[in-house]
Amino acid sequence: MNGKGPEDREDDLGFAVIDTSRGERTGCPEVVYCEGKTAEHTEAIMARMREKGIPVLGTRVSPDLAERLAGRFPGAEYDGLARTFSIGGRGGSGEGLVAVAAAGTSDLPAAREALQTARFYGSRAELYCDIGVAGIHRLFRRLPEIRKARVIIAAAGMEGALAGVIAGLVTVPVIALPTSVGYGASFGGLSALLGMLTSCAPGISVVNIDNGFGAGYQANLINRLK
Amino acid sequence: MNGKGPEDREDDLGFAVIDTSRGERTGCPEVVYCEGKTAEHTEAIMARMREKGIPVLGTRVSPDLAERLAGRFPGAEYDGLARTFSIGGRGGSGEGLVAVAAAGTSDLPAAREALQTARFYGSRAELYCDIGVAGIHRLFRRLPEIRKARVIIAAAGMEGALAGVIAGLVTVPVIALPTSVGYGASFGGLSALLGMLTSCAPGISVVNIDNGFGAGYQANLINRLK
Amino acid sequence: MNGKGPEDREDDLGFAVIDTSRGERTGCPEVVYCEGKTAEHTEAIMARMREKGIPVLGTRVSPDLAERLAGRFPGAEYDGLARTFSIGGRGGSGEGLVAVAAAGTSDLPAAREALQTARFYGSRAELYCDIGVAGIHRLFRRLPEIRKARVIIAAAGMEGALAGVIAGLVTVPVIALPTSVGYGASFGGLSALLGMLTSCAPGISVVNIDNGFGAGYQANLINRLK
Amino acid sequence: MNGKGPEDREDDLGFAVIDTSRGERTGCPEVVYCEGKTAEHTEAIMARMREKGIPVLGTRVSPDLAERLAGRFPGAEYDGLARTFSIGGRGGSGEGLVAVAAAGTSDLPAAREALQTARFYGSRAELYCDIGVAGIHRLFRRLPEIRKARVIIAAAGMEGALAGVIAGLVTVPVIALPTSVGYGASFGGLSALLGMLTSCAPGISVVNIDNGFGAGYQANLINRLK
Amino acid sequence: MNGKGPEDREDDLGFAVIDTSRGERTGCPEVVYCEGKTAEHTEAIMARMREKGIPVLGTRVSPDLAERLAGRFPGAEYDGLARTFSIGGRGGSGEGLVAVAAAGTSDLPAAREALQTARFYGSRAELYCDIGVAGIHRLFRRLPEIRKARVIIAAAGMEGALAGVIAGLVTVPVIALPTSVGYGASFGGLSALLGMLTSCAPGISVVNIDNGFGAGYQANLINRLK
Amino acid sequence: MNGKGPEDREDDLGFAVIDTSRGERTGCPEVVYCEGKTAEHTEAIMARMREKGIPVLGTRVSPDLAERLAGRFPGAEYDGLARTFSIGGRGGSGEGLVAVAAAGTSDLPAAREALQTARFYGSRAELYCDIGVAGIHRLFRRLPEIRKARVIIAAAGMEGALAGVIAGLVTVPVIALPTSVGYGASFGGLSALLGMLTSCAPGISVVNIDNGFGAGYQANLINRLK
Amino acid sequence: MNGKGPEDREDDLGFAVIDTSRGERTGCPEVVYCEGKTAEHTEAIMARMREKGIPVLGTRVSPDLAERLAGRFPGAEYDGLARTFSIGGRGGSGEGLVAVAAAGTSDLPAAREALQTARFYGSRAELYCDIGVAGIHRLFRRLPEIRKARVIIAAAGMEGALAGVIAGLVTVPVIALPTSVGYGASFGGLSALLGMLTSCAPGISVVNIDNGFGAGYQANLINRLK
Amino acid sequence: MNGKGPEDREDDLGFAVIDTSRGERTGCPEVVYCEGKTAEHTEAIMARMREKGIPVLGTRVSPDLAERLAGRFPGAEYDGLARTFSIGGRGGSGEGLVAVAAAGTSDLPAAREALQTARFYGSRAELYCDIGVAGIHRLFRRLPEIRKARVIIAAAGMEGALAGVIAGLVTVPVIALPTSVGYGASFGGLSALLGMLTSCAPGISVVNIDNGFGAGYQANLINRLK
């Protein structure tokens, strides 16, 4: 663990240590989680990464922060719903399809974060929304397209039933993405999380509540397997 | 509240007070919840009710208790899976249909308790099993029959998604019956309960975990409305 | 599931897919849950529904949103306590009565949402407030009226005892509506929810915390049964 | 704290330290909680207390242990339902009345433990059972007697509503005793506990789930105030 | 329950039903819980009570509301820390002493609410603060005074140990008042609540988190027993 | 959904409905979860599947049940630690490697269930045990082998840290399998589940506590992608 | 991490990998946690450790297992209350004192496990029992001795107040050991755990519920610091 | 307990009682927890402590409060990230090293509070940040330095794995400091707390979520042992 190969190059900014060799090592450069970081720190981290030629994906980027960053990094892309800010990723030109299914419009922030993450790391990805199980005929209409995917992300809040219903209808892995949508006994996404974990359909694995980044990252890892 | 009309006749056995006028008052005679009662007490309570001509429904009746009671009350019916023991109920001869849908075979104890309760209080009731959402084509095959019901009970453990999927496909009230089936993050039925409470499909109301009696009782109350 | 009958007509606005045939299919047109939607989206969805002649019920409508919508949809009705906004519903002209009982004044937002929902879908509905169990003589005074209902909604926070007490006094179904009223060990409505689920009185089923819409919808489904 | 007055006399058995001066100090001799103690230890502790002339109250005493102890301490009293074993207490000859109200027969173990504890420490105490709120006319019939008490213990499982209903009808303190009776969302007494803590009726304070001893002890402390 | 004796006089304001005979019935006039009520409603309720000559205690009264109410009701008293507003109560002239012990300064809001409530209903009451168990010598210094009380309220957040320690040192009932003081694993007062419920010292009963009113009310009920 | 293609063939045994076309449809024949089924039912289900030529995987098979089944189905394989019973699966002859990493010996039941499941559905799979993070040099020694896998299952109880540590060291998807190993604050696997869901390392998705079958099934789905 | 120094010697038994160099590396040889291991495996692991001359500490050793092991390893010591089995440890001959304070006799299993662990690893350790805060004079009597310790372990169930009270009276680190003693709202040690974590006295850190081994190990690490 | 030695000198400000002899008694003067105190009270408390010559450590000090206090107490030090304000502490000149390891930059507030606390009470202390287990090579690079410490604080949110990994690599006590960093299933630090409590590595004890003060205080107590 003490050599100086790609495994352990890093860059210390004082307030943060950037893992500059992560892209070479894993094929997936490090992400910048922006919530709780100052704008100055965020900008400095991204600037250093760009100096090294590393593509940048920022998540949980507020509109204000995005505006500031856009001034500094022309050509970057901001998705206000997903709250992602990306510079120089692979842009979704890959071969296999990642299908992102969202139960309702309120699930779009998490679903789009997953979508943008999968694209940034190179996967082709498409979003299918408003296909919750309460009106299951909407899901069936989209099913032929969704079945073309190599991996499916199912984003849903409240009871989270979408993941199980889809997994019962397809033959590829489903990444379940619980969202904090709902009120009362939703308990901030807990009901969706428990529902997805205990689904009786096999072929599901689950990420943290609202963790669109994690779902998109895992979907891309699976999708790029040859 | 102090008169001697049907509202308040009762019968004190020392260890229990039987509400002998409940059948007249509500149309639904009192049930005997047998878990935690001694066999002697249970038998005495049922005997007193029979003396008064009251139909008897016992729930959570173990096989041993059932055998003892069967010796005392010939003509009674015992459903070993539902653990119900009934003497002289109305037997399901009513008009409207109560459909009891069970996601899997492990949900049958709760589902059959609901079925037998609805029948005891007079509803016609039918059971449809193994129609969980993981293989949703099984549910669709039974749908035409289920849609004939005036009220539907949906019994499911794990993620409890069956209630929401059915409610999205029918136009009558659905009583969701969460069961304690499952392990790990099922937490004894909690995941099913939360999933059913937070379902995005309207037209669902929920009873306690494994409370087949409550589901069947409520379904009968609804079904007998004219 | 692939025909073009009333079952599957819908309307894609890009940011939302409206189920325009739901009213024909279920007798209950779709509701617009407004929390978390932009004002523009909400207005556009409602406008499209009105174009198709569909009655509109918006829930969780803030005063600001209501003011904007009122400018666009003259003749609409806004209930500021219930936070409901309705255009062209059936208006409570139906036959059977839905009684909405509220334990205290703080339970009124959820209770009135239930009331307005039941009326929108066609039920006659009345509200009885401040009849919590801490002063049970108030409940007894209203009982003769409440007993005329075909279905009763019992809204209560804190310990939620109202549902069980009413269910023990009536012969029709009770829909229990837990509210997030209270502090400390109320845990945002959890204590009321658990109390209602575990009530020893039969004839109760429960909806999600603060889900007045769900309670009113379910009550209307039951009430319209013939 | 270092003198040798009644405050700190004690007796070390090696496996336990008996607080032999507690009776003098507080008017209430120490109790022996028997669950988790060996029969030998329990017997030795009780024997030492009797040598010193201290009245003995054992709680959570199993039938087997009671049989063994009865052989050693003739004249003792065992209440199999309460699981209390007492030698030489004051026996309930006091002046004010402690009323113990139990919602159902399943609440009797906790309720009777409270009853026997209050009597052991000197209070007159009576039990009123099967008066749960699901059939509230039963409670009203007993109300005139219950109102004669100086302090009331309300024992209930499931939703625990009995405490709040009684507190709304009386003018003396109510000690709420949640029991672990119930299943599913009762969560071992949690729903009753939360319901009692959040009751909207003032004049209630709560003890631990199934802590009949604590309820009886507190009721006696209150009752003996002059 | 249908007579017109003191038991059931009440006064309907449209938005609230005032129980105007409660003072006669229970000796304790109704309290006005002000959180969540509009200023107009609160003022109207209090005005109607004053018209009938009923003493008024408002709890959870914000400074803004207090200022408004003070203009309308001269001679009222506001305690900004306790957030209580009272007009014409008995003012703590009673005989027995209620001692209110607060672990730290952060527990003062709940503790003072208890203090003012006990005084309003007639008890003499004194506050002893900053006597938490982390520096137990402070508690011992106050002990001689505290021991003069007929009933003790112990207010504490975090681990809530104060109640158990005091109960082990006195011979009168202790009302434990958990507060939401603390962070992290305090979980909004849950740790204090559980600690107080499970205390191994007998003679404790517990009210809801931050329910200073409930603690003071119960203490007064106990204190006024003769 | 109404044709008779491979999508919907099934077989009704009365007590269960077997989805006999699932293998054709998804490439993964249905599993028989044996906990809670009677031995007669289990045997009948397996027999019917064998008649149709379907490979059988039973999970949660007790030693007693295994002995009975072994008599009926010669040539079957039973793994007593994994509690799996298989007849005629593909036997792990596939190309890509599934690596199953287990933190400690107590995690072996879940880990081996995952291993046997992956093999049954065709994946080559290897187990690496006793590599928990408390002695991280053990993990590093196995790392070169583990890195050869296309997908890794990380099984751990207690704090569940193994999944995050591995995911930080590899470039393939990690399926985290929390186990119920531990005591106290492990809360039956909850601490491991939460730890795995919130891991700061990307590339992890999680299955239910002790759900070795789910982990192995998902790993095989991923591994067979081309 | 790839050398062959003391850091990474280990011994693979097939079913377990023994870290035989741990004693050299850390000064504390590995412990054998016996719950959930077969007797054969346990015996084989211990035998291999003894062959290498490593002292053995087994925890959670049942009486049956102890008897079997005693036959194989003469001279070993078994503490039936602590459930520890040790061969060749250092035996408590160290210099500084570890004081183990136990609130009640039911806390002795965890407390004695801590005691035996501290002694095994070399610390001098003494046990002080039955000094819970409900009778705080007992604690004060032992205080002069307890204050001689370099580190104190405070074992308590129920509200866990002992840790905070002691920490307020001493000037050395306190290791809080919550135990699962109690019922109802103790929730298996959760109330003690939360109480100890949130104690307002500084100088406390906490180990897992019933983790006497962890408390004793940590106390010894602290005690041996020079 | 009634003398006037250093044990019980204190100073009553009316709104707070300062324990002015605590420094002499324990070697650690009292801390001022500033959250929830008014600026006036805080300033008055600190002023009184300075008059007595007591060093002052304020925690949870907001920037606004710090500015005000800085005007009053020239020469004080404010750490805006740690939110600590100190006047006249020992300043980290001690002998043994306390190493504070922080998993990520978001853990710095808690980690720096621990750092400043340890220094205030006299320990030499150093911070090592961004060494979370997701990129474990960063931790290994810092390990040689960290191993020089006499006691280590490990601050981490999310899964909290850092504590267990470090404890497996060192031979000194580790104080685990869970932080509330994270979202979704982090549940405000609960997942980190549970993970640290259940770590399979011995030599860890845990403080409350975000309790940097408690971690630093305990580390200093351990570090100053001779």
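Note that the chains are named A, B, C, D, E, F, G and H in the order they appear, and that numbering of residues resets to 1 at the start of each chain.
Definition applied: contacts are C-beta pairs under 8 Å (C-beta built on N, C-alpha and C of every residue); 3 or more make two chains touch, one makes a residue touch a chain.
Fair warning: this is a prediction, and the values are worked out from it, not measured in the lab.
Undergrad: Count the C-beta contact pairs for G-H and for F-G, then tell me which is higher.
TA: G-H
Undergrad: Can you check whether chain E and chain H touch via the same residue numbers (shared by over half) or via different ones?
TA: Because under half of the interface numbers appear in both copies, chain H and chain E meet with different residues.
Undergrad: Roughly how many whole angstrom separate the Cα centroids of chain F and chain H?
TA: Whole-Å distance between the two chain centres: 44.
Undergrad: Roughly how far is chain B from chain D, centre to centre by C-alpha average, rounded to an integer in Å?
TA: 36
Undergrad: Give, as an integer number of Å, the spacing between the C-alpha centres of chain G and chain B.
TA: 50
Undergrad: Using the touch rule from the top of the page, what residues of chain B touch 2 or more other chains?
TA: If we look for residues of chain B contacting two or more partner chains, we find 1, 135, 140, 184-186, 190, 193, 197-198, 202, 208-209.
Undergrad: Pairwise, which chains touch?
TA: Chain-chain contacts present: A-B, A-C, A-F, A-H, B-C, B-D, B-F, C-D, C-E, D-E, D-G, E-G, E-H, F-G, F-H, G-H.
Undergrad: Which residues of chain A touch chain B once you look at their complex with the stated criterion?
TA: Residues of chain A touching chain B: 103-104, 132-136, 158-161, 164-165, 167-169, 182, 184-187, 190-202.
Undergrad: In the complex of these two chains, what residues of chain G are touching chain D?
TA: Residues 105-106, 129-130, 135, 137-138, 140-141, 181, 183-186.
Undergrad: Can you tell me which positions in chain E touch chain C when the two form their complex?
TA: Residues in contact with chain C: 1-2, 7-8, 10, 15-17, 19, 22, 35-37, 41, 178, 180, 188-190, 193, 208-211.
Undergrad: Could you list, by residue number, the parts of chain E that touch chain D in their complex?
TA: 1, 25-28, 31, 96, 140, 150-151, 170-173, 175-176, 193, 197-198, 202-209, 213-215, 217-218, 221-222, 225-226
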